[in-house]
Amino acid sequence: METMTFRHTTKGPLAGTKPQAITGVVASGNLEVLLERVLPPDQCTIEIATPVVGYGDVWEAVAADFVARAQPGGLRIAINDGGARPDTVSLRLLQGARLMETGR
Amino acid sequence: MTDWRRQRTARDARIAAGRAHADGKVVAAADVVDLLEAVLRPGDRVCLEGDNQKQADCLARGLSACDPDKVHGLHMVQSGIVLPEHLDVFETGIAKRLDYSYSGPQGARIAKMLYGGQIELGAVHTYLELFARYFIDLTPNVALIAGVSADRAGNLYTGPNTEDTPTVVEATAFKNGVVIAQVNQIVETVPRVDIPGDRIDFVVEADTPFYVEPLFTRDPAAVTETQILMAMMAIKGIYAEYGIRRLNHGIGFGTAAIELLLPTYGERLGLKGRIATNWALNPHPTLIPAIEAGWVEQVHCFGSEVGMDRYIAARPDIFFTGADGSLRSNRAFCQTAGLYACDLFIGSTLQIDLMGHSSTVTTNRVAGFGGAPNMGSDPHGRRHPSDTWMKAGREAQQTGDPALMRGRKLVVQLVETFGDGLVPAFVEHLDALELARTIGLELAPVMVYADDVTHIVTEEGIANLLLCRNADEREQAIRGVAGYTEVGRGRDKAKVEHLRARGIVRRPEDLGIEPLDADRSLLAAKSIKDLVHTSGGLYEPPARFRNW
Amino acid sequence: MSLSWYEASARQRVAALVDAESFEEFVGPEQRAMSPHLPLFDLPRAFDDGIVVGRGRLDGRTVYLAAQEGRFMGGAFGEVHGAKLVGLLRAAVTETPEAVLILFDTGGVRLQEANAGETAIAETMRAIADLRRAGIPVVGLVGGRAGCFGGGGLIAGTCSRLAVSEGGRISVSGPEVIETNKGAEEFDSKDRALVWRTMGGKHRRLAGGADRFCDDTVEAFRAAALDLIGRAPAFDLATLEAEQARLEDRIARFGDCRDATEIWARLGVNDPAGVPALSAADFDGLVAGLEGTTHDAR
Amino acid sequence: MTLAEILASLFPVGHAVAVADGLITGRGPLENRDLAVVGVDGDTPLGIEGALALSAAVLATVRAGGATPVLVLVDSDSQRMSRRDELLGLNECLAHLAKALLLADAQGHPTIGLIYGHSAAGAFIATALATRVLVALPGANPSVMDLPSVARVTKLPLEKLEAMAKSTPVFAPGLDNMVQAGAVQVVLDPAKPLGPQIAALIGEPPSHDARDALGKDRGGRPVAHDIAARVVDAARA
């Protein structure tokens, strides 16, 4: 297993008030994303636990693109990965952000 | 005096030798080996019928059981290396030389045998290319084919899976060759004469029905959100924009997703009747919802698909069927239709390089080609216009007299940036190059050449290569949809944004598509069972695809 | 469009099964009650260890729910997973909800935590017996992709009532396990039609192994749960003696059958081969006309 | 110990316990009272007929009333793996046996499990693990699955699993690990007569299911007890 944490500063907080959300399932090629609104409004952390070692730079790129796009200020995001492809990771992160914004 | 009938005389002798093991034309399954040993001569060119679907498996078993002292040094000229017996004959010396097309299931073993020098390889062909050579320089001495039933005179009913049979028989029977057919059943009268009896010399009643692989069955339950997103982009960004009505789909979950989105997402976009009406396509079960929703005008098939026969027979307005009601497929005609009469081919691949060459070869597998390169190529012999073809042609070349500008076929690669096991689909160099070096092939096995591919669709976006004006633009366009692969991360971001401004690279949002809307609820069928229900119970899926 | 039970995640099933917004999770994912053992095997963990437990309302009535996530480790019972279920059942004994619903989706014991999983299954069965004796119905719902196998099959057999959909499978040994141990002649696990005939929802319902057959939608399972809660058999000597007689009678009548279709024919089904193709409504109609499929001997 | 040795030690004055097709049924005198005995001997797989034969014996004891304890002796294989057993509802038959034991216990017939040989998977759950108190004799070998099979399913090398088994009781087969998990309460002393040892257990049954607490104390199930308690607390909050 490999773990890593990325810390980002955002322009502001993510919209919405939902305190917590979870999306996805830990399965082969899939992942779960837990989002908690517990950080200062311009901070975001993304913690990752993955059984696939050696893809740190890809995770870093995916996380940075997600933060740039969603501006998820205030969120502590934790990922349990089951060997998902980067595009699936992006999709789940965006799904999670939408859940936190809209409550849907 | 010149003897102009030597081949005819030799043929008569072979048939006479074979008759000793036959009752008229009919041979018992138990006597197959004796028959083959009597008819075959060392060094013969032999076509053992089999492709990616049906297999003359009883005859394949018989051939591999022949005595190598009697039967050896054969030159196999056949579409598919699919059954273990197809390669066993090279291990025993029964066969020596090989010209073929497709070797999906035996890809790893054939690579090993090629490397080990057990097979003298002529070439790996496309289907049409190999069929063409049957009539020029690879004409079989003996053809071993498969049909559903025959009468005692040899009249053959090939059933829904006619596939290669007429082509192989024409090449063999009309050039002094011997044709041996295995059939599931000898009958009084065949339901439909697909091959006249005077072209069939021996009929073997096989111990089991010939095998057909359900290669074109894709379970909707396995379609992912990513594949749905890509299908949405293909429909909105390519099918709708070019008004594609005449098309072929390669095998894969991506194309299955497109088929399953037509009656839902396509309907919502108002595209019914404007796209995807006329097909060169096997009877994909995933096309059932679109057919039932009235999207499809007609479908011509290379072969049938296991479990689809009752459905096809009940939809003669859509499919080509005989007077008896069953499907009439024909691989050579359908490949030709895919090549010349379709405006789009869309399929998947395992690797794409920076120029856009694609290949399904990995370092230790030779899968062959089948028909994809025929349909996935721009036919320079085409002369009839269509709006789609002309629009693509205008995008490709912008100067010159319009009346002298040929159109372009759309050849689309639908590919997820990472494959199974996080293997990237975008690479600097194709594994095919390494393989060609390793086993000494003159040509690297490229599935679709860069100059034929017009669009690449990934989950990140669409690259329109027609609009690229130089090699650098092309490379950046490809990198620009290559996602988080090394190739993708190696992009020049400014150049890619510039290409995006010109519409060469398009993101989902550029197409008005929200990636989070790519949901399985969009699928017109979510399971094989849904397909059965949609077909009104006419589709009968193989047991391995059932969960009820 | 109705949500497919088979396709939905455990969380989606729970959220859609109960009255809107009424679900309250116990020891939720934010508490990170994860397996302490999976990292030893280099395997990823889940924040909820593959099971969601909590309280919700069903037509206004308070129920406890546990939902297994069949896609995480095959929904198998690990230490935390099992303990969450056991805790829920024990809480129900004292808190007396109107029912407990177990949304099965499990391959059985998680081998990496086998002893903990196996023991948790035994604890679960004892807790269910306690609940049933206290008059609280325990209703099992089976329709997930992992089915209900191994110890999960035994827990299902301990419930007051069971609802199953066509895709749901209930069995002890899985087809692959039987094939691995006894050979493909005994059980060809790739013959999926055979698999479903032998242990799928329709066979279990016809043979009396389940009390209700559902369409593969959350609505159908909700309706089934509401119905079954209202007619739970007592857990007493009379019920178990009736079950003893019911199971002995089954073996006496069908013990020589090789295939489910033979059993269905003896049950009085006119067209056994047509059963797999029947819609839920038609199948319910068929079941209603057969004796012995609906009973209180459980 | 063999079954005969166990019965001799339990019932020095004789008994009416018989074994047929690997199934044990009967009774014997234990300290002035009757003890009902059921079980599986000889590493026999437990199928539908076997499960129903044992459950019938247990229910007969319940029907007879009184407070006759039930002793479940186990040296079984796993559940019988066959298409026929599953077709006819093995899950119901095994669950029925377990329910019969749970009912007996709840109605005042203390249930004691004694594992003296092998047992595994569904057979283990339906018999020994369905009793109020499960004890073992040295040499017993309960398991969920043997290590070579675990290696096959988890795709881990057998040597690695064997090494892990030494330090990780939660997954490794064997009596010690089941004791640590709390599933087996105590290992009896074969050198002493078994009758008094069993009688003592019957006399002081645990009032509730304490297996997870034992597992915590012994280290074989480090978190189960606390997790279950947290769920209970959350439900009461």
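The letters A, B, C and D name the chains in turn, as written, and every chain counts its residues from 1.
Here is the rule we go by: a contact is a pair of C-beta atoms (placed from the backbone, for glycine too) under 8 Å apart; a residue touches a chain by one contact, two chains touch by 3 or more.
Treat the numbers as computed from the prediction; the structure is a model and nothing was measured.
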Closest chain to the centre of mass proxy, which here is the mean CA position: C
Euclidean distance of C-alpha centroids - chain A vs chain D, Å: 46
Mean-CA-position distance for chain C and chain B (Å): 43
Distance from chain D to chain C - Cα centre to Cα centre, in angstrom: 24
Distance between chain centroids, defined by C-alpha means - chain A, chain C (Å): 33
Junction residues of chain A - those touching two or more other chains: 83
Set of chain D residues in contact with two or more other chains: none
Set of all touching chain pairs, with the criterion as stated earlier: A-B, A-C, B-C, C-D
Touch list for chain C against partner chain B, complex: 1, 4, 6-7, 166-167, 190-194, 196, 200, 202, 276-277
Residues on chain B engaged by chain C in the complex (per definition of touch): 221, 520-521, 526-527, 529, 532, 537, 543-548
Parts of chain B lying in touch with chain A, wherever the complex brings them together: 224-226, 416-418, 422, 459-460, 483-484, 489, 515-516, 518
Touch list for chain A against partner chain C, complex: 1, 20, 22, 25-27, 30, 32, 34, 36, 49-51, 78, 80-83
Chain C to chain D touching residues, read off their complex: 26-27, 31, 33, 36-37, 40-41, 53, 55, 64, 79-80, 82-84, 86-88, 90-92, 94-95, 109, 111-123, 125-127, 129-130, 133, 150-151, 153-158, 170-173, 177-178, 181-182, 186-187, 198-199, 203-204, 207, 209, 235-237, 240-241, 243-244, 247-248, 250-251, 254-255, 257-260, 263
